[in-house]
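This is the structure I want to talk about, given as structure tokens.
Chain lettering (A, B, C, D, E and F) follows the sequence in which the chains are written, and residue indices restart at 1 in each chain.
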Amino acid sequence: MSNFQHIKPAGKAQFMDRYTTKAAELLTPYTDGAKGDVAILGAPLSKPSISHSGASFAPDAMRRCLNSFTTYNIEEETDISGKTIIDFGDIAMHPTSIEECHQRIYQSTKEIAQAEAAPFTIILGGDHSITTSTVKAIKETKGTVGIIQLDAHHDLRNTEDGGPTNGTPFRRLIQEGHLKGEHLIQIGIRNYANAKAYHDYAIENGVTVYTMKDVKQHPIQELIESALNQLDPKVDTIYLSVDMDVLDQAYAPGCPAIGPGGMDPDTLSEAVQSAVRHPKVQAMDIVEIDPTLDIRDMTSRIASLLIINTLIN
Amino acid sequence: MSNFQHIKPAGKAQFMDRYTTKAAELLTPYTDGAKGDVAILGAPLSKPSISHSGASFAPDAMRRCLNSFTTYNIEEETDISGKTIIDFGDIAMHPTSIEECHQRIYQSTKEIAQAEAAPFTIILGGDHSITTSTVKAIKETKGTVGIIQLDAHHDLRNTEDGGPTNGTPFRRLIQEGHLKGEHLIQIGIRNYANAKAYHDYAIENGVTVYTMKDVKQHPIQELIESALNQLDPKVDTIYLSVDMDVLDQAYAPGCPAIGPGGMDPDTLSEAVQSAVRHPKVQAMDIVEIDPTLDIRDMTSRIASLLIINTLIN
Amino acid sequence: MSNFQHIKPAGKAQFMDRYTTKAAELLTPYTDGAKGDVAILGAPLSKPSISHSGASFAPDAMRRCLNSFTTYNIEEETDISGKTIIDFGDIAMHPTSIEECHQRIYQSTKEIAQAEAAPFTIILGGDHSITTSTVKAIKETKGTVGIIQLDAHHDLRNTEDGGPTNGTPFRRLIQEGHLKGEHLIQIGIRNYANAKAYHDYAIENGVTVYTMKDVKQHPIQELIESALNQLDPKVDTIYLSVDMDVLDQAYAPGCPAIGPGGMDPDTLSEAVQSAVRHPKVQAMDIVEIDPTLDIRDMTSRIASLLIINTLIN
Amino acid sequence: MSNFQHIKPAGKAQFMDRYTTKAAELLTPYTDGAKGDVAILGAPLSKPSISHSGASFAPDAMRRCLNSFTTYNIEEETDISGKTIIDFGDIAMHPTSIEECHQRIYQSTKEIAQAEAAPFTIILGGDHSITTSTVKAIKETKGTVGIIQLDAHHDLRNTEDGGPTNGTPFRRLIQEGHLKGEHLIQIGIRNYANAKAYHDYAIENGVTVYTMKDVKQHPIQELIESALNQLDPKVDTIYLSVDMDVLDQAYAPGCPAIGPGGMDPDTLSEAVQSAVRHPKVQAMDIVEIDPTLDIRDMTSRIASLLIINTLIN
Amino acid sequence: MSNFQHIKPAGKAQFMDRYTTKAAELLTPYTDGAKGDVAILGAPLSKPSISHSGASFAPDAMRRCLNSFTTYNIEEETDISGKTIIDFGDIAMHPTSIEECHQRIYQSTKEIAQAEAAPFTIILGGDHSITTSTVKAIKETKGTVGIIQLDAHHDLRNTEDGGPTNGTPFRRLIQEGHLKGEHLIQIGIRNYANAKAYHDYAIENGVTVYTMKDVKQHPIQELIESALNQLDPKVDTIYLSVDMDVLDQAYAPGCPAIGPGGMDPDTLSEAVQSAVRHPKVQAMDIVEIDPTLDIRDMTSRIASLLIINTLIN
Amino acid sequence: MSNFQHIKPAGKAQFMDRYTTKAAELLTPYTDGAKGDVAILGAPLSKPSISHSGASFAPDAMRRCLNSFTTYNIEEETDISGKTIIDFGDIAMHPTSIEECHQRIYQSTKEIAQAEAAPFTIILGGDHSITTSTVKAIKETKGTVGIIQLDAHHDLRNTEDGGPTNGTPFRRLIQEGHLKGEHLIQIGIRNYANAKAYHDYAIENGVTVYTMKDVKQHPIQELIESALNQLDPKVDTIYLSVDMDVLDQAYAPGCPAIGPGGMDPDTLSEAVQSAVRHPKVQAMDIVEIDPTLDIRDMTSRIASLLIINTLIN
């Protein structure tokens, strides 16, 4: 760009307020050896979804929505404008081999974990099928993994009926030996959203399950603390898996599998903030947002706020 | 269908998980003498509506949304996959005679009530004008009727100004002698949503009215129990009339007469569940969903969940 | 119009229920010397907005939504059908001079304030930039002004970076000497929605700031009462400025700057009702609704209900 | 309205160009004895439609779209700013009696025809069911009627299967003796859009039928001239019935029964202009626009231009 | 279904005109040994698409749109109500193995071809990737295949860069030896819609290419006749592959790869009709409609009309 | 970016075909001294528009749509993959001073004209108000300017009634002495789209006006050639101003002022191509696309194709 007085590069915001930092300005493309506070990596994959899904557009949507937030937390009187989000970019997906896509997610997550660019990593889905690959990579990098899963669904479907769909990530992790059932804690599981067989599978494998009724009857911080206490002595690292459909349809209209009876965004936000304060919580994914179904990016806006909240840890 | 390995009939779901039963699979088209747990009948009529309404599309929408739910209630640890919903289909409406439509609803409801296919019957509206016909049929089949109406509006408008519109069902029932005012209990009535004259009419006729303020100040189970206790000794059968616009517009964007200040879906769900446990509650309607205005079938999804909830009685 | 039996003027409602008065029927176009209970004036200006905004369509939308409400408050058992809303109409805006638009808003607000048509005046925005002009006019008519601002944002941006945008109204009032910082009380300010610099400016200038955390931890009536007590001894008149984006995005999808973590409509409604009961509260604006982004006029419906609520003072 | 400098009545256009007259400014509400160049009357009825239709919103939409056109025809170098469109307003419809609605249309059309406010009258539908009523009224006022119908469909359905729907207007006129088959000329009839039985009925009753193939093979002026020559010696007055679905779906996305293979707007416009030049062509209807399905009022814009074109006769 | 007077099975059309047959009524689910005039098979696969595509919903959409047409061709004075469309249903797709999906399409097409249920078969896509599988199956059943492809794109992309996407079907057929380049005739290829390398590949392999310029300069019947004459002596069977994006975006808004400068629907319709009259033209596919992007099913309506047109051969 | 195998920068296309060049790949951000074949500059201004307009989003939309086209023109057998589009970026607009915005457009256009980065420059609007500024800059750089304006409207409104709106650009140029009326040629002017007074102004000032009737009666190349011949001897440089609303609403649904009776895209495309072949045609603007109103970017796609077409000059 040259010395023209009023011309800005294409695609840049028109208006700048000199005193305002947008959260999106914290994004810094990764270069070798770069260090930051949080690292993000996009996994724009939704072809494994059982139903038609445009979740592959979500990494872009979440980054875009970081423009809707500033860096100042008035309630904590904290400005995070000095923090850095290392942006590794997006994993390029293969158009016709889902197996290859999952492999690339595994490999890329491992590579960026090894780059140690930040103490906390966020994988931006994509659908929930990505989690098998990301957790496997985290395990190989950081050791035994415990998972706190915020989700309306168990995601423990059998794989015979459709392969590695977005209904199977935790089943595959358990079956393939990357995760022990007792290291998995599910929060927000909803009525009439899962088959009995999969609840049975969860129980038989020692998975801890908190339903929406539990969420309504206890402060979320309490459930998260209990989960952390349960996992802390047993695992090396804790992974947070946030399926946005844990939220009620009125708040998250952009999830493929919407329904009534879910969590509200404040509760989800508090859950994530409570969890990320624990030193073993080192990675997170945010999955199942389909921006083509969303209304005014409402669901992505909530997701972006979750990302921001990991920065005032 | 023949023995082709991978071909399914047109219109069937592509993906089947062998361990999952969808609530929609409980639907069984009625055949003579069939018995089930709940019977449904569509009344796709919305031409009587005062404002433009596509509520005639709602029976299809509610059936379609049964595909979004499984049969497993994790909080009650109950699987309803063994239950049966007898589906009588839809009443064919006359394109240009609303009087004939109401007559057909009356006659068809009576016929299916007499078929005694299930202990509980749900009429899927349509707009609220259908309720005069259905209640009249229930009364002639089961005796004196009491009604618990969940609604933002009294629906007690005069009939001189427009005939049997969706604003008049309970007025017509009272005027035509099918219902005593003291057998009608209205819950969820909202500020600035009704004329004073109709509130006066309600009071003069002994109708019990709980406003949204009452709903906010008391547990809904308490209001329902009070209503049931009031009706039980006086009537032979209790009819639940659920106008979905009792919900707040943020939760039920698909109702023709949306507005702020309404109920949330959990409260409505608990109201219906509390009511249907009572043995005299034997029929219900769900009305005033316009799928052409709805967002991602959110309102129909809530309605479908209400249907499912009647099965774990 | 002539004596045709069934013909009505174009644009009039088709259906009339003789016992029902719609809130829109309270609207009475101003004529010289007319007196009413509340006066409204439209300020359809949104070109000063930092982001693309159709808030100029909001005065029409709010008037239109008055058709969705009756005049009967069942909870207070009060019928406001005898009240009058004097409608001054809309200020004609200049297509290309924003300075001239602001000047016209100032002048017109002053003219109607001097007309003394009603004890309470509501300015229908438009974006928040209009408030500098309206408050200046109120001050010159009624004396020292105190402001209770319901808003997610401080709206105290510097004016060097963009002139009198919708981010600057209260900064301009303070800078230009029309408002003391200690006479400004902001309620509903949200995390990551403002720059630290502007929070600092607020504090340095003695502005009172209640965040959403405060709103969640205290009954809104308490906050309003506290604000009124603080302002009452110091000012001649109190102005209520309602930026609809103080609401959560799930309730107010039609605001340009939507986001999660906001107020719910019942709280906002109670805030306005609590405030307008105070005799010094004599004017209000409702701003930042973009009907082109809204869903089924949900946001305008809430705004219309706020207008109605000022009538049962 | 008072002497405020910059305030305009609510609902009026903000911007005025002193040298520009909008076609909408030609609209003059009827008062007793008023005379103009064209008279319009809205018949906002669509409940008789076989499929869900919001054509009742079309009179408003067509009037609104008159704001999108000026009064200057550059190709004819003619300014119609001196012409007057007498606007009789809309017929109030009964919410639940379609028979009463049709009766009101008949009676109102007759009343306005007798008022003789203009040499040419346009009825704004509504669906096509209105035409039986309007033509009957015209016949009783002006004598034997010939009809030129621009339509994809015969609209000659039997009435046993649904009463006076939007598929039956010309059948009813013939059956009830108000119209001879040989006085009906249909232009634009489309393949696979009608049952053979109704084409047979047309032929048996002497109806003249031009298909879309005819339209593509001959200049439309030629077809219209031929129709006028055929009707002129036999009838007292000629009525033009314009069903907008004669247009191709790409041009008229707002018709309930859209499809490919239809006319383009220039051809339709030329058809109407050719017809209205004939002195016996004294009335017209424009039907079957559903503004709730339309895209940016495209279909209503074309209809408004048809109205304007009748003014340069 | 029982003997209720006014009740119809759920999902059936409400209104029946006894003299009208809808084209959808010609659909007859296949049973062993059934014979009809045309056979259809759905291939609801769009995961191989390079861009996000919901073309998997198109078979349902095309069947649904058959309800928008009757069986009477007025221009040919032919009623096809006696014809039968054998509906084999849809191929069940594997959620995560695209290779398996293509294999199932191949196998199912072969099975139905061998069933010899009709002299003409139509495969309803899906995206264009399905054509490799269907043509291979046709070739193994009927011998050497010639193809007339109506398309804006060559669909001759290399397979190294993404495997069997919707950009590669004809390349794969040629590379795998199922098709000779000189047996492929492409009509409607558009400027700036293909890489030079693929045009070169077409020319080098003897593919005949007609651009949109050719289409505009010659009657389409002439181009089709020329193509048929070229293929007839060389092949055993001719396959018509209709990519709906050959149409201009104004007519086919529902194709993933829309653009200006394409064909109009009448031309496409004539092309298909001209081709199917030839006895060697025995199979066809219709691909690349994404109903989630379409406007009022316009694109599917055109496709349904293409299906109907094959019946008056 | 580092050496990760499968990771791409955020925002980059996922899929790459090694043999395909997208037109968007020709875009090269300007750096000092850079030279290319065409230069583009965004002028994202629409606040001067008389009606609400989001045309400020159009430069981004047009750039984005360059991704929908390749570089190969099959009809000319020309690959433009070696060409370069120098992208100067967008002019930053002032949020509240339209005068300042116009000044910045003037200054920036002049600066880039002086940079002489390419023999042809395209200004991407924005609304039509920008043209006064751009033409003034071109005139000061290149000498006497002639203009060929493709437009439905004269855009010769008086400036007293609203200042420099999008209805005034050519009036201002003439009034301010930057353009002689006889150097302005308007093509595509439409009936009922302009006031008589402005047609009179055009004629009085020697402006040449071709209406849509002229466009329909003559090949567009002929009109353009005639225009070029008229201007060539009199001016130093010729500027093409393309208001996209010259197109019919069926083709350009994204223009603020849509209507029937306009040009089709092939004609517009040929007009531009014919013009840009003339050596004196050195600059062009494309204005009046509002992407928030458009359908699937159809209007921007046509605009992008116009840009591409300037490259095979």
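Note that in this section a contact is a pair of C-beta atoms (placed from the backbone, for glycine too) under 8 Å apart; a residue touches a chain by one contact, two chains touch by 3 or more.
The shown structure was predicted, so the numbers you read here are calculated from the model rather than taken from an experiment.
**Student:** Which chains are in contact with both chain D and chain F?
**Tutor:** C, E
**Student:** Give me the superposition rotation angle from chain B to chain D, based on Cα atoms, as a multiple of 5 degrees.
**Tutor:** My answer is 180 degrees for the C-alpha fit.
**Student:** Look at the interfaces A-E and A-F and say which one is made up of more C-beta pairs in contact.
**Tutor:** Contact tally favours A-F.
**Student:** Which chain has its C-alpha centroid farthest away from the centroid of chain D?
**Tutor:** Result for the farthest chain: A.
**Student:** Using mean Cα positions as chain centres, tell me which chain lies farthest from chain B.
**Tutor:** When every chain centre is compared against chain B, the largest gap points to F.
**Student:** For chain A versus chain B, what separation do you get between their C-alpha means, in angstrom?
**Tutor:** Taking the average C-alpha coordinate of chain A and of chain B, the gap between them is 39 Å.
**Student:** With chain centres defined as C-alpha means, what is the inter-centre distance between chain C and chain D in Å?
**Tutor:** So the centroids are 43 Å from each other.
**Student:** Would you please write down the residue numbers of chain E that are in contact with two or more other chains?
**Tutor:** As it turns out, chain E has residues touching two or more other chains at 15, 50, 56, 95, 162, 250, 295.
**Student:** Which of line, ring, star, complete and other names the graph you get from chains that touch?
**Tutor:** other
**Student:** If you go through all the chains, which pairs of them touch?
**Tutor:** After working through each pair, the chains in contact turn out to be A-B, A-C, A-E, A-F, B-C, B-D, B-E, C-D, C-F, D-E, D-F, E-F.
**Student:** Would you pull the chain D residues touching chain E in the complex into a rising list?
**Tutor:** Residue positions touching the partner: 50, 157-158, 160-162, 167, 189-199, 209, 211-213, 249-250, 253, 257-261, 293, 295.
**Student:** Name, in rising order, each residue of chain D that touches chain F in their complex.
**Tutor:** 15-21, 23, 68-76, 79, 81, 250-251, 265-266, 269, 295-296, 298, 301-302, 305, 308
**Student:** For the complex, give me every residue of chain B touching chain D.
**Tutor:** It is residues 47-50, 52, 54, 56-57, 94-99, 129, 162-165, 292 of chain B that touch chain D.
**Student:** For chain D, which residues are in contact with chain C within the complex?
**Tutor:** 1-2, 4-12, 14-15, 27, 29-32, 41-42, 44, 56, 59-60, 63, 87-93, 95, 104, 107-108, 111-112, 115
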